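Chains: A, B and C, in written order; residue numbering restarts at 1 for each.
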Amino acid sequence: MHYLLTEEQKMIVDICRQIVDERIKPVRAELDEKAEFPWEIIKEIAKSDLFRLFIPEEYEGMGTGIFEVCLATEELSRGDLSVATSFAASGLGLIPINAVGNDEQKKRFLPRLASGEKLAAFGLTEAEAGSDVGAIRTTAVKDGDYYILNGTKQWITNGGEADIYTIFAMTNPEKGARGASAIIVEKGTPGFEFGKKEDKMGIRASATRELIFTDCRVPAENLLGREGMGFIIAMKTFNESRPAVGAQAVGVAQGALEEALEYSKVRKQFGAPISSFQAIQHMLADMATSVEAARSLVYYTARVIDSEDKNASRLSAMSKLFASDMAMKVTTDAVQILAGYGYMKEYPVEKMMRDAKITQIYEGTNQIQRNVIALDMIKRGVIQAPRKQVFK
Amino acid sequence: MEIKVNESTCTGCSLCRGVCLYDAIEIKEGKAVIGETCVFCGACVESCKFESIEIIGLDTEEKDFSDYRGAWVYLEAHGNKLADVGLELLSEGRKLADNLKVPLTGIAIGSGIEKNAMIAFQYGMDKLYIIDDPIFENNIDDIFSKALVQLISKHKPEIFLAGATSFGRTLAPKVAAILKTGLTADCTGLAIDDEKKILLQTRPTFGGNILATIITRNARPQMATVRPHVMEKIKTARDTGGISGDVIKIEIDPENFKTKYKMLGTETEKGEKINITDYEVIVSGGRGLGGGEKFELLKELAGTLSGVVGASRAAVDSGWISYPHQVGQTGKTVNPKIYIACGISGAIQHLAGMQTSDIIIAINKDPNAPIFKVANYGIVGDLFEIIPMLIKRIKEGKPLV
Amino acid sequence: MKIAVCIKQVPGTTDIKIDPETNTLVRQGIENIINPFDSYAVEEGVRIKEGLDADDKYKGESEVIAVTMGPPQAEEMLKEAVASGVDRIVLLSDRAFAGADTWATSTTLAMAVDKLEDVKLVIFGKQTLDGDTGQVGPEFAQRMNIPFIGYVSEIMGISAKKIKVKRLAEDRYEIFEIRLPAAISVIKDINTPRVPSLRGKMKAKSAEVLVWTASELGADKDEVGLSGSYTQVVKIFTPKMVYDVSMIEGTPEEQVEELFKNLKNLNIVS
């Protein structure tokens, strides 16, 4: 249900729907089973200009906002969360370049990402550093015009398929939280290798790999911003990307809800379609209401970010938290409504339930999201204290 | 040219609106009003009980075609053998020729076909024109159409029929365009109007859900193409073997028949030549098959029945089987004796390609599948259970119950 | 290279039946769509242009023009073609064109392509959903006196003067080379139409349609529409299809046995 969209936003939805119906639905079960990266679909998404939604006009993007990214991500998720994750993770990987990159870096990397010929990835998580991002141990030691990277990143989405990686490494370990930096590393750089592809519960077609750096020499011009800005860049990135994760959750829940509704109208028991039973009706109503509520929160957050508060960290966290918890419940309910059939791989809902789980985990677990929300409230009150006005 | 509603006799009963396929009629203030999307098909004119609709401005001056006489059939050849469709058309042409009391003539063009063309006399043909020359070895439409046009212009048949094969569907329009005459494609019915003694050409439109009867106005010959296996091949009681009836060999000067098309070669799909329209039994698979390897099962069944495998669009689009096997609106139209639809839901677009099959057998897990509405025999069941059992039953010959 | 693609707007469903009670047509909210085979034609035209643009010898010299003969609402379909990469769109619209059979349609399209001047390749879809004759392509080519190859499944090569294609005959593929200008009709094997791009859709929104009437084409009223047709529909009716389904019940073994019996009675098995 999309209301109040502009013409251009409607076009985005239409394009995504066509891709979902014509390209994604026919192959999603097979991609899931084979855990195969959906390159053909990514190419179609690229040809349709959807990767340009992440990027400003000066660098061959469409110059649209987070709202449009959320719309596209939501619609693609309705089809398959693996595809949407691969799409959104490229966005995640390039947000730091967009945010703090200099003109030369933007010119070098963004156009190829806008056309979708190359994908990006975000390399922060490590074996010992999940929620505790401060515990990363990958180092980047300056050596003349280069940084030498050593360390291993874990569970990186688009790992191995992407060409452009935004890597977070410690340039000054003794400075602790102020000692991390963000640097761009391209695939093919000597000393940069990939680990095996992880075998996952859900979003199986999405590629998840270790990134292994062994004396990897990266040109110093690839440093984003200044040394020590690493965690600030990461936090800024999450503020913008979290609503898109919320959008993923809304999309996968919507897809599951649609399947459950259709099924309930066709499946007959006791001489009647199960959609005529109040128990099912109430489940469907609750599912639909929670999808709509999550959507509203995600859209609202995106609009706020696009218009005034680039730093809507509390709202971002809320939209991700609420939508992902909702999606887990809705997809589980969808399986319940399809009952025995829902449990079978022949029907798409069990996959949606397996897929939905990740939205409660990545880009900050929902426990971390709660921390963020609570701490922000404690600091700035329930009604966020206005920033100091500057009169000219 | 206009279409007019006589407002004084129109009662606004909206019968005309009901038959208009193009949504062109509205009832305004109790009278029928015909709008811009009207294509002058005349359905409303026919339907009006009060004769209130008229198409005017069409030149009703009928030209004199009394010098056009005879029914001709193009005998398409593949290699040096005549295709069945030509013989089917001769059988049909015989009925038309008898009605009009005119001779039935066949034309065969090819290389080395002379001997094989004689078989056509067994199907009711009175006269045969043969053009036999190496330049006609491959079916290439520009030189074939030139030859046909020369013959037709010289001898002026009133009716000319050809097979709606992939060659015929390019050849016939070219001939019609050069002769500046009308052509009706894919006819399923041919008849002679008793009064006007003209050819009534009936063909399906809208995927076969509507039939239209068409006439050729103010031009000759009246040309029509007919799909293979729509008409029946009927042998007449003429003697077999030897020459029977008029045979006229036409000599041509190859210099006048230089083709603009350079044929560079041919390719067959994985070494198999698949023309599913040729088979009497088609075993077809749809989405319910679930995968390309599963088609091997249908291939086995088709093999036991001397048939061929067909497929729905869903199966072809999923890459499970190649396009030449596709049956349906955007694939091939087939008329086999037996069509066995396995795991095919029966979408309109698929039905359009096979609903005229003699016997349709449907096997599907879903009792509500639309295919069951057009089937002669239906089995609600798991095709992966039914088909192997059927194969076994056919091969081993032992009853299962 | 100027490439013209001739497309047609057709009813979105062929599911048209007669209501047995009132004996009138039941038109279920039929929306109009581009004839499915024509989508492949448009896509191929755009791909040829993209291929030529990628070659330094021909870069930037190609243009794809979509032409349709139809009522004013066909404009929407033309704009969608722009979203798929078509450069210019032309609508041939005039009451005089109505009721055209394939010959009159070919005549009208030929006049339009003539007016476009210097078109080297004209692409058609194999056939339409409503007419499904497949005749317009060859008749058009004859009128323009250019070669025509139907059922093209692949374009193997194209240069300024020639085109090499693979076409699907009944049971095999044939490879031909012909000189340009030429016309072809394509089958769905040839490509997969792209999902329109966002920039394409935005371009389509503000795209200008060139509308040509009969007089702008210099057409005589007798050459086009029903007056210019050599065939005429005199009757339409629904086929009397009586469907009498025999559902075979029982255990799978019983069902197969019953089916086998039926096949035996039909002399399909012995």
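Going forward, a contact is a pair of C-beta atoms (placed from the backbone, for glycine too) under 8 Å apart; a residue touches a chain by one contact, two chains touch by 3 or more.
Because the structure is a prediction, the values reported are computed rather than measured.
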By CA centroid distance, what chain is farthest from subunit B?
-> A
Which chain has its Cα centroid closest to the overall Cα centroid?
-> C
Approximately how many whole Å separate the CA-defined centres of subunit A and subunit C?
-> 41
Separation of mean Cα positions, subunit C and subunit B [Å, integer] | 18
For subunit A and subunit B, what's the span in angstrom between their mean Cα positions?
-> 54
Interface with subunit A, subunit C side, in the complex: residues 194-202, 205
Touching subunit C in the complex, subunit B uses residues 1, 15, 17-21, 23, 36-43, 46, 55, 57-59, 78, 138-139, 141-142, 165-167, 169-170, 172-174, 176-178, 180-186, 200-201, 204-219, 260-269, 273-275, 277-278, 281, 304-305, 323-324, 329-330, 337-338, 348-349, 352, 355, 359, 361, 372-382, 385-386, 389-390, 393-394, 399-401
Quick one: in the complex, what on subunit C touches subunit B?
-> 11, 13-17, 19, 22-25, 27, 30, 36-37, 71-72, 95-96, 98-103, 106, 129-135, 137-139, 141-143, 147-151, 153, 164, 166, 168-179, 187-189, 221-222, 225-227, 229-239, 241, 243-248, 251-257, 259-260, 262-263, 266, 268-269
Can you list the subunit A residues touching subunit C in their complex?
-> 7-8, 11-12, 14-15, 18-19, 22-23, 44, 47-50, 52-53, 62
